[in-house]
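One chain, chain A, appears in both complexes that follow, with chain B as partner in the first and chain C in the second.
Right, the complex of A and B next:
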């Protein structure tokens, strides 16, 4: 009997989880009322999943190398606030503002990458520290009123408003997500860099022996994440038409949760971008459904947290079992 | 078959902190031969290999590759020459395919993208050429250890390696997997690839190798041609005939059958078949030596007795009482366990002697209300220090910074604080200097005199003979031989472990 690939199996499981959740909400919300299962609402779900997915592409790369990035939420705020400053205090064109935002994202990512890959600071601590630094910098450069009180900076630019919308219900952020996911998946599966990410995550020693530059591979993953965060920040501020210091507060949880639910193991070496997309859709569906059912939103966080713990436990036990099976099977077959 | 010399190491010297490990060692491999490297533990095999692969730097001597002197300072240097080492600890990447692993870091590309078609085809060609039972597109996740090992071999071959080094390649393979590996080794040889084959298993060496170099105590003991590879002779050379005749290498065993049985092990069988149907007894005051090759299942058996790992079936009785397989239950019943990997499993390096001694004894340390009595804890560790002469005698000293011998005394010392019935020690003197070894032996002997039953697992034959009252030898998961009330020599034990006891004597 042909054994199913572990990766394929895990993919089917995450798709199954998503479908079950959709089915559950459809039934609970009542089919007749069209509360949950209708086109407008589903598009809303996809729109909500877009930014976690875009940032999730970078975070997926990082987690595949067995790293983590806790600073994405704060980084998003810093990028947003940089753009707000350019909008408020200069007459520079819209495009320059966006490019400046992207550069800030890249630099934040590079900063994380250098600390982690060059100075070997454990990822968790390094990005926990930069989470604090990026958020603090956001407050420092925040736009204040005459009394020195931080205010929300409106960004009412017509082009910007356009970017926050879309063609009908087909929002630009969704298109951006699709493009990023396609490119992200191709890079991961069809380039040397993508292969190196898996190798580094599975065994840094083996990767080094194969001539892979481990530090560079890890660093680039953080830089890519910085860029993805900046793209996320552009769409967030465009949708809100303003920038505040609270942007991205507690947001770092979302791309990590998406990746984990989608099968990117925190121990590194497995998962892909498509999985993260499914995970982000799952989390967005959960949020939406809970809202539609008028369940106390506080419960949403309990459910999210519980699901993450459940998935991680499942992955760990499942992986251990599959590995043992593969070994036993291999030993039994004698590789005929 | 075998042609010119491909690799030659001449007059290699190496010492670690003043202790010579290799002395004037010569080693030569010809093109297209399987050259086995044998020797007891500590004979210098792995040090020699690490010098050849650039992991260690030699103190003196010269390495020649195809007749030219070469300097090998890193594994990359040795790869460039065409030497590939198949590590015991496999370095394949599970989420990638066979082909991706073989060409990791060297993938053929079309523009920025990996050319999968070409890569799979190149891998298929290699597979066909050497007849490996693999497919380029299989994800490694789904493969057994044996197949993963083949990927490493393929990786070496894809880099046009002319010499493969295999260090105990069959250690974690099943019988069928090993057979497949042997077929492949023979195929490789016929293709002109040289192989350095390091193994403890004489039957494999006997079957596969064209020549055999034996190291003993860091020196060349012999280079044997195929026709001279006779098990008895190999064992004799490994141990050294002179040594075998000398005192300490033969011993008259005495055990007292009439003493009451303390430990009774019945039909212990492992879930993954690392040992099966293990039954034996240990008597009051008896030191039972458990010999055999590394990987014979000895450590697994004693871990199951202590209850760290659980056997799938079988029972263990201590003084007639059936034991629950758990470390906690074992401790409460009076079993002490001194594990093989001292640093990681035996003690907590950052804690003091006091804390390490107290760790397994908190049930008997006095309490003040709800907190541990520091005074009693300290008094206990002072008793341990006194009982087995731990130096430094400062109970607050971190155990991690002590010498190996004193660390081991701390590990043993904590068990002496209890009413001990059975003590299990696994490789008790590995990495410990001679003086401390003797002290540890006398501690064990004293304990036995007090009626404690002791199991000593050791790969050091001299040690096995020195401490044991009775010896059981394990081989591939079975007890194959018992030496009881007879005169026994190192060769006899080694032969039993190798499965050649008949021819050897």
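Right, the complex of A and C next:
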């Protein structure tokens, strides 16, 4: 019962943060002709939040197991560049190209998973290393002109452009996000695998003793993230109608920030996909508002960093307090 | 067992020699020139300065992912203060001092947040990395600011006995950190905290203070690295020092510093810096673009850390066996 309260409380806080941010920007932008609070702009915010949320579903699984993935941005670039190569050098249909992209994503995730789960390399070091590996591979397979200079590969095709857009304002990427969030939440809350994720995050030792294959559980989380990153890469290249080596630069920050703001504790064992969605909406609102109010984008980096530290400090102190309370309660009950 | 120890003792010079021989054979003219020699030294110096300080963080089991952007921010601080004070020598001195203070404060903030709230180091430094980047961009208005004040450029370019000043900085900082780590009580505390924080706490070590000081040292050497780098390139921008986070971590890992804490020496880290300098230079001479070098560096980190982790697992298994034998 206590735990339940704690997670509901945390959910309310993240929703509150989102609402306060929206209110703040509405007031600030109101002075400048109401640029922020209108339907078109809000849809734009949701669209911007879609890819961090889709990838965030995988990252949420990883963080629930007390892991981290710093390589998602580079992985996205590698998937995009693979598809660009297929587009540029073969006559294969789009469906094959997309499937190839998804497979590359899966393999990248598997690579992370093997290093982390089989070789026990600390997650942040392993994925920091694969971050530069994937980015370097992207440069290596990048398409070059006659002089050997890397160029951005256009992927102009009506079908692909259609995928990057939507039916009116109902962008396909938003629909994909909704589907991924629903499936992600169901898997997390109502399947054996979801329960295993929480168990591994709470205590690897206890999970092993209760017969959970910890290495496999962690590896699958990385593979799922790889797949989600590939989906993100498909929509990104479809929207941009091109693939560049710069795709996903500094992107790895976003899904992690979304999860953290949404209440997925980095110590593992708590949080869910809906929280990450709220967190992603928060970060997208922040970016949009800063842009719409023409604030120097440099401030964005400072604000993002400060928010993450603030939220994490809050979580840490909150958890410490709750633990202490629970202990005191336990001691009292013990005395009685 | 005996054989193992001998090998690990000589493995570093052997690797270094093999590396130099291979490069000399592949690119004899380019590699064995005096110009190239000083190129390697410069590259080694910056990594060496930074790794001599950040080794403290690794030894207490932490990590610093903000090296690259803190480096940029301190470079920006020294250059913009020099400009503010009219491009004078006094301005350079004030700027350098300010940048060093900024580095120390940044480190102190890392240490305090990490120890007070018990938040993983990678997350805190991951977040502050973004903050430092933003600050560097705000200070420079997102432009490259150049600085050609003689007193400032001398930091990177002045030569004594044929060696550029940064090499002496590296030597001095490495010796100081070697001395602190192996000859002082504080150094022993650092190893103790990294080896087993709980046991250290119980045995009366102020774990919190020891850790905070480690991050301050790392911040300080990162700032020195930033100043040297800005002086060498005669400019500062938000991308000064980009890529150095990985280079410094890789240098430490190659040099046998365990990122799990409690293990590693300054001489090892400096060896790692030399190898990284040679690697960067070698890849450059073989005309491998710097963008591709990430592949090699990334693989080096993965293999080295995986090896380290496997060895740790092996050791603890052996210990368990020993205990079981003793019990039987």
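What we mean here is this: the second predicted complex is superposed on the first by the 324 of 336 C-alpha atoms of A that agree within 3 Å, B and C clash if a C-alpha of one lies under 4 Å from a C-alpha of the other, contacts with A are read in each partner's own complex, and residues count from 1 in each chain.
Just so it is clear, contacts are C-beta pairs under 8 Å (C-beta built on N, C-alpha and C of every residue); 3 or more make two chains touch, one makes a residue touch a chain.
What you are looking at is a predicted structure, and each value in this text was computed from that prediction instead of being measured.
S.K.: Classify the contacts of A:104 with the two partner chains as first (chain B alone), second (chain C alone), both, or neither.
M.R.: A:104 sits against neither chain B nor chain C.
S.K.: Between chain B and chain C, whom does A:209 touch in the aligned arrangement: first, second, both, or neither?
M.R.: The answer is first: A:209 touches chain B but not chain C.
S.K.: Looking at A:223, would you say it contacts chain B, chain C, both, or neither? Reply first, second, both or neither.
M.R.: neither
S.K.: Going by the contact rule set out at the top, does A:139 touch chain B (first), chain C (second), both, or neither?
M.R.: second
S.K.: Under the definition above, what is the set of chain C residues touching chain A in their complex?
M.R.: Residue positions touching the partner: 63, 65, 113, 117-120, 122-124, 126-131, 133-135, 137-138, 142, 246, 249, 259-260, 289, 291-299, 301-302, 305-306, 309-310, 313.
S.K.: Spell out the part of chain B that touches chain A in their complex, as residue ranges.
M.R.: Interface residues on the chain B side: 75-76, 91-96, 100, 104-107, 109, 112-114, 116, 133-134, 139, 141-148, 150, 173-177, 179-180, 272.
S.K.: Considering only the defined contacts, which chain A positions touch chain C in the complex?
M.R.: Listed in rising order, the residues are 68, 70, 115, 119-122, 124-126, 128-133, 135-137, 139-140, 245, 253, 256, 266, 296-306, 308-309, 312-313, 316-317, 320.
S.K.: Provide the residue numbers of chain A that touch chain B in the complex, in ascending order.
M.R.: Within the complex, chain A touches chain B at residues 3, 5-7, 186, 190-192, 195-196, 198-199, 202-203, 205-207, 209-212, 269-270, 322-323, 326-336.
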